[in-house]
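We just call them A, B, C, D, E and F in the order they show up, numbering each chain from 1.
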Amino acid sequence: MPKFKHIRLLSPVYSDISYRLEDVKDLERDDLKISQTGIPTGVPSVECDFDEALCSPYIVGRAIEAEREGVDAVIVDCMSDPGLAAARESVSIPVFGPRETCMHLAAMLGHSFSFIGIQSRTRPRMERHAKANGLRQHLASVRGVDLSVTDLLHDDGKKLHERIIEESFKAVTEDGAAVILIGCTAFFGCEKIVGKALLEMGYDIPVINPIRTTVSYAASMLDLGLSHSRKTYPFPPEKKRVGYDIPGVVNETV
Amino acid sequence: MPKFKHIRLLSPVYSDISYRLEDVKDLERDDLKISQTGIPTGVPSVECDFDEALCSPYIVGRAIEAEREGVDAVIVDCMSDPGLAAARESVSIPVFGPRETCMHLAAMLGHSFSFIGIQSRTRPRMERHAKANGLRQHLASVRGVDLSVTDLLHDDGKKLHERIIEESFKAVTEDGAAVILIGCTAFFGCEKIVGKALLEMGYDIPVINPIRTTVSYAASMLDLGLSHSRKTYPFPPEKKRVGYDIPGVVNETV
Amino acid sequence: MPKFKHIRLLSPVYSDISYRLEDVKDLERDDLKISQTGIPTGVPSVECDFDEALCSPYIVGRAIEAEREGVDAVIVDCMSDPGLAAARESVSIPVFGPRETCMHLAAMLGHSFSFIGIQSRTRPRMERHAKANGLRQHLASVRGVDLSVTDLLHDDGKKLHERIIEESFKAVTEDGAAVILIGCTAFFGCEKIVGKALLEMGYDIPVINPIRTTVSYAASMLDLGLSHSRKTYPFPPEKKRVGYDIPGVVNETV
Amino acid sequence: MPKFKHIRLLSPVYSDISYRLEDVKDLERDDLKISQTGIPTGVPSVECDFDEALCSPYIVGRAIEAEREGVDAVIVDCMSDPGLAAARESVSIPVFGPRETCMHLAAMLGHSFSFIGIQSRTRPRMERHAKANGLRQHLASVRGVDLSVTDLLHDDGKKLHERIIEESFKAVTEDGAAVILIGCTAFFGCEKIVGKALLEMGYDIPVINPIRTTVSYAASMLDLGLSHSRKTYPFPPEKKRVGYDIPGVVNETV
Amino acid sequence: MPKFKHIRLLSPVYSDISYRLEDVKDLERDDLKISQTGIPTGVPSVECDFDEALCSPYIVGRAIEAEREGVDAVIVDCMSDPGLAAARESVSIPVFGPRETCMHLAAMLGHSFSFIGIQSRTRPRMERHAKANGLRQHLASVRGVDLSVTDLLHDDGKKLHERIIEESFKAVTEDGAAVILIGCTAFFGCEKIVGKALLEMGYDIPVINPIRTTVSYAASMLDLGLSHSRKTYPFPPEKKRVGYDIPGVVNETV
Amino acid sequence: MPKFKHIRLLSPVYSDISYRLEDVKDLERDDLKISQTGIPTGVPSVECDFDEALCSPYIVGRAIEAEREGVDAVIVDCMSDPGLAAARESVSIPVFGPRETCMHLAAMLGHSFSFIGIQSRTRPRMERHAKANGLRQHLASVRGVDLSVTDLLHDDGKKLHERIIEESFKAVTEDGAAVILIGCTAFFGCEKIVGKALLEMGYDIPVINPIRTTVSYAASMLDLGLSHSRKTYPFPPEKKRVGYDIPGVVNETV
């Protein structure tokens, strides 16, 4: 019987997106509990490096809190992996990011993969991260549905699905993608729809749901007792850090 | 409740190594059964490309058999991943190899990793595979305990442990490794001993047991419904294949 | 006067393809004899990794036999280079593979090259091998004529030539190829037809016939006394290998 | 007569380090004014990714303020380049980081370079950034003086200089460095001392002072009218960002 | 007040192109003088490696002369950087090349760049140089206006501008370029026209004028006292060099 | 019977080194004639980029002459490959360089190779060229015997042999080289001595003589009718080239 595990999603937004737990609820089992929390301040969605900067300190704060509460692993609930390295430095429990995790997993499921995200303008950022992970030659393309977040909120999902299928099809037939990586953690449920649509068009291609995949992967790492190397992520040196309402930092003005 | 999964280790040797199941037995649970099989012919251990060539056809055969028996995923039980791509082409269930899996996982656990295997002479092969996976810049070194398989068999483990710890220590302090990847599936149990020894020497470094890790990873992929891309691994075209006692091949002389 | 050399083609198929010697016959001279042999079992053609697995042990066997008979060098007669590393380990004479040889030669004849093979579905495999050889950035594209082997057998060559010319033209004009590498050892004679057709269309592009090129290259290496590094390809350790009708292996059931 | 330029150093620390302007004062001229500002909250020094996370939002804030005040370019005054991409997205004036700038410049001054920074434990971070910039093969080594920041504050510079010279010498003679890149913006003045010491030991090696170099480089880019590509750094989409006391963000609790 | 600097353009052609100084005249100031010289023999323009070979010895000669005359830095005035490494070996003053300089600068201004040069046939050469600098993955494309030099001479600039804008637009919209690098030092003035045209089409993209950029960069390096590593560019060993009318070489027939 | 071939070595020095033909004389046969020529002016040996610049135009001239005289292929007789690309542009016969040829061949003979040349200071140049060929990860090290050319001339070979063996041994045991590439075309005969010495020390390692290897390789390419791609090396555009006493160039002062 595997030991009990509590994994927490750290959503880097102030909006209440507790409904996101639905996407992973069926992964829970007797030995696995999944919780979720947002952050108190920052952004309603992460679309650029500025958004990443605003949420990152609070992601670290939530990771520290989680560790103190006995959570076994945390997952940054966003394809930009905001605060990933900083959080790894700051706690002893493992911290996972769906971008890093899913790029490596995609590279094992096929010889090349494409991101299908919200906006094609994220291409430079994704290419930069693929390079830093040594996986640039596995990245077939980065494509976006190019619908605004607002559009998405007022869509019943139909337009979104149409667009994701359309871009995934182009990724497979024009860019040479062998694996589709859903590029936004908000697109949940899409992976099945896209996978089915591609299959009907004759392409048997794995489609990765980033959050579900990262949760399951994190549970596996916990079962194995594996965490990140302290050599790569040494603890932050002690000193007076101020101005944030997060554990270990003095919440005052200097 | 996750769906029931049956994962099978395909050991690429003719010797009875069913005891290897012990290494992963505690990973079993209500929804996960692990079985093991060897192959009827070939080699008693895999140490070079020739050994790989001799066992690969039978690994494919065992993968096909496993699929027919309703097994949900198979794992090539060897750090050389013999027959991995061929088996992926031949079945619809996912096929995992510990070398590929653990190199990518190691790359996520730290910025660089070292293999500690049986023999240092495998360095060229490991470097070649790291390159093919885009991970050459993550590979700090390949080191071997350089004990013969025979020596290992007559060792009560003490000499082996001493040597693995010694080489792991050098990998961390001289080669810059942030993660240790146990380079032979036969070294089971070692990961804890090495990890503890490094910790006592002041290095908090993850040490990866390849088979346990691959089993847990495979279970996770099954829970997620993910398998390899048919585009990367298309089915073998139909034609008359002969001379092997494996499913789908005519066992006769041409 | 260069020393006498006997080079043997090891065709990885059970069909009688002794006619393949015709393609290289004119390369023979007083000091160079070329022989050919198939293997007794396996596949009629090599189109995927499974086919590679089935023929590889016998390629090693034929290499060992050739060495015992005094042959000076062997060539794996297939663009998949099946059994190449295993054979190099197993004998002291040099073993050449047309894929490895011609990728490097193509990289010297121009800044980028394309494979034109039988099937475009081999793209992932070729990309993987180009990466492992450090030549991914030289690979402009992999294209296939996408005719079945059966079609090819019933073709008088016309359709095949049309398709190779068509795909070569696209490789040069759309993919930026500066060199064409005929991607199948069965396409002999094509290199002249393609080269001439490209020239008529205004492109003075080298077109590489893989087997002829590898034979000539092997003869050159023999004249120079160069063979593969024993450090990269150490001899297989001695142990009981069983179940194959090949030299050095016990042909019995365990 | 070149147009007037105002460049501002954005020091990512709350301590008063206005004395840092001394390091660049002599670069001022009639058409170039250099100012400096710290940030109101965060850390007294940047030594890890957590420190980066804490200062990044305020660096963006300071960049926006600077643009509003008519400053022509800003420089993140730290070898970790905290907030660089986020700041580039957020303003129309160019934003420079000494790490990015000096790695590329070092790659032009010689075939390989070494960082000599405060702590050797930053090696993984520097390797990661070199990779992301395509310059991993130019990076000879990352070395640290391994003195604590506190030690440095109570040192009259002598110990620091000794250690930097020592590590620079090793970088040149053991690691093959052809260029030394001073790895901390706090080490000012060191470049001359190190350069002279190396020359006396027989090595004519450029030694790069990161902040002086970046200021001069920034002035050059301004003279040329060059700024960062809006395609790579598109403006952040408009939405309600909250909780920080920085321009464009609502300073309230959600 | 920065020290006085004299920078000289070394144009690798025998034609009188002293008018080229106009392109950089406005960069002069009290502390910066720019001069120009051609070479006495060789080619009227540099379009291929043969042209490079013919002008390179005289570029080295001009660099030596410049150093003797007290010039502070020289710039090879051509996007092929002819004689760059040889000149660096031969003098103690820094030697800059616009191709090397601008490729690195472009890589900092955006995630990918395209060359727009005279002829698309220079693509292989530019790809080779990008590779050697580690920047191949930053190179989006190489495009040429494909007008002959003669055409260019009889053009009032209109046709040239049309074609550069056209190719730049394709580079941005089809090839993914985030930065345009004008690929010929003869195209001066174009950068503003192209930048404005792209902006009107909705693309805010930096366009680099290679000579102006390199002059300004060189001035910056001089202000900083930085020059090339003697380890990378050691002085040429002394010996009898003959047959050229350049300093340090005996102008006689052997 | 292969067609008759005339291959010419183009030695890039003015000294009479016709004795160099001795090194390759035994490669001649009925269908292969080897001639040699120096150049009338330039340098007595090639040790740096400046030397390369001085000899390159004359190498092109000698290549043009050779083609006019009916020579079938030329080889630049120097490990720096001076003038290689320029000569390829200028003639229709193939032009080979030992550095390019032997780096690719070494990469096929083992997983990593080291250059053992005259001077260790050539390391930066060799690394640059390995990178440009995509073979940087195959390059184990660059080592030099660090004897001056003058020393070499007065040595009876003994000191040179000692030093080459010593450095080769270090390359194999310390740097991980699997193949030794003799780094200077003047070291002829050494390959056998080094190979034998390494074998006696227990290392069965191929040692490549660059000129013999390139001659034999060139003969092979001629037999196959393969030459360099005109797309990669287009003919130089016609224009007035002046000032050199080489074919196609007007030997006058402008």
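What we mean here is this: a residue touches a chain if its C-beta (ideal position, glycine included) is under 8 Å from a C-beta of that chain, and two chains touch if they have at least 3 such contacts.
Model, not experiment: these values are computed from the prediction.
> Identify the chains adjacent to both subunit B and subunit C in the sense defined at the top.
Joint contacts, listed by label: A, F.
> So, comparing C-alpha centroids, which chain is the farthest one from subunit F?
Following the centroid criterion, the farthest chain would be A.
> Same or different: do the copies subunit D and subunit E touch each other through matching residue numbers, with over half of them shared?
The interface of subunit D with subunit E is built from mostly shared positions.
> Measuring centre to centre, with centres taken as mean CA positions, what chain is farthest from subunit B?
Taking each chain's C-alpha mean as its centre, the farthest from subunit B is E.
> If you tally the C-beta contacts, which comes out ahead, A-D or B-F?
A-D
> Tell me which of A-B, D-E or E-F has the interface of B-C again, with more than half the contact pairs shared?
E-F
> What's the distance between the Cα centroids of subunit A and subunit C, rounded to whole Å?
44
> Rounded to the nearest whole Å, what is the centre-to-centre distance of subunit C and subunit D, using the mean of the C-alpha atoms as each centre?
53
> Please output the residue numbers of subunit A that touch at least 2 other chains, ranges allowed.
Counting only residues that touch two or more other chains, subunit A contributes 110-112, 124, 128, 131, 134, 136-137, 178, 231-232.
> If every chain is a node and each touching pair gets an edge, what shape is that graph: line, ring, star, complete or other?
other
> Return all touching chain pairs.
Pairs satisfying the touch definition: A-B, A-C, A-D, A-E, B-C, B-D, B-F, C-E, C-F, D-E, D-F, E-F.
> For subunit A, which residues count as touching subunit D in their complex?
14, 40-45, 47-54, 56-57, 59-60, 83, 85-86, 88-90, 121, 124-125, 128-129, 131-132, 134, 148-149, 231-234, 236-237, 239-244, 249, 253-254
> With touch defined as at the start, can you tell me which subunit E residues reach subunit C in the complex?
So the residues of subunit E touching subunit C come out as 123-124, 127-128, 131, 136.
> Can you list the residues on subunit D that touch subunit F in the complex?
110-112, 137, 176, 178
> In the complex, go through subunit B and note every residue touching subunit A.
Residues of subunit B touching subunit A: 1-2, 27, 29, 31, 100-101, 104-105, 107-112, 133-138, 172, 178-179, 203-206, 208-209, 212-213, 216-217, 219-220, 223-224, 226-232.
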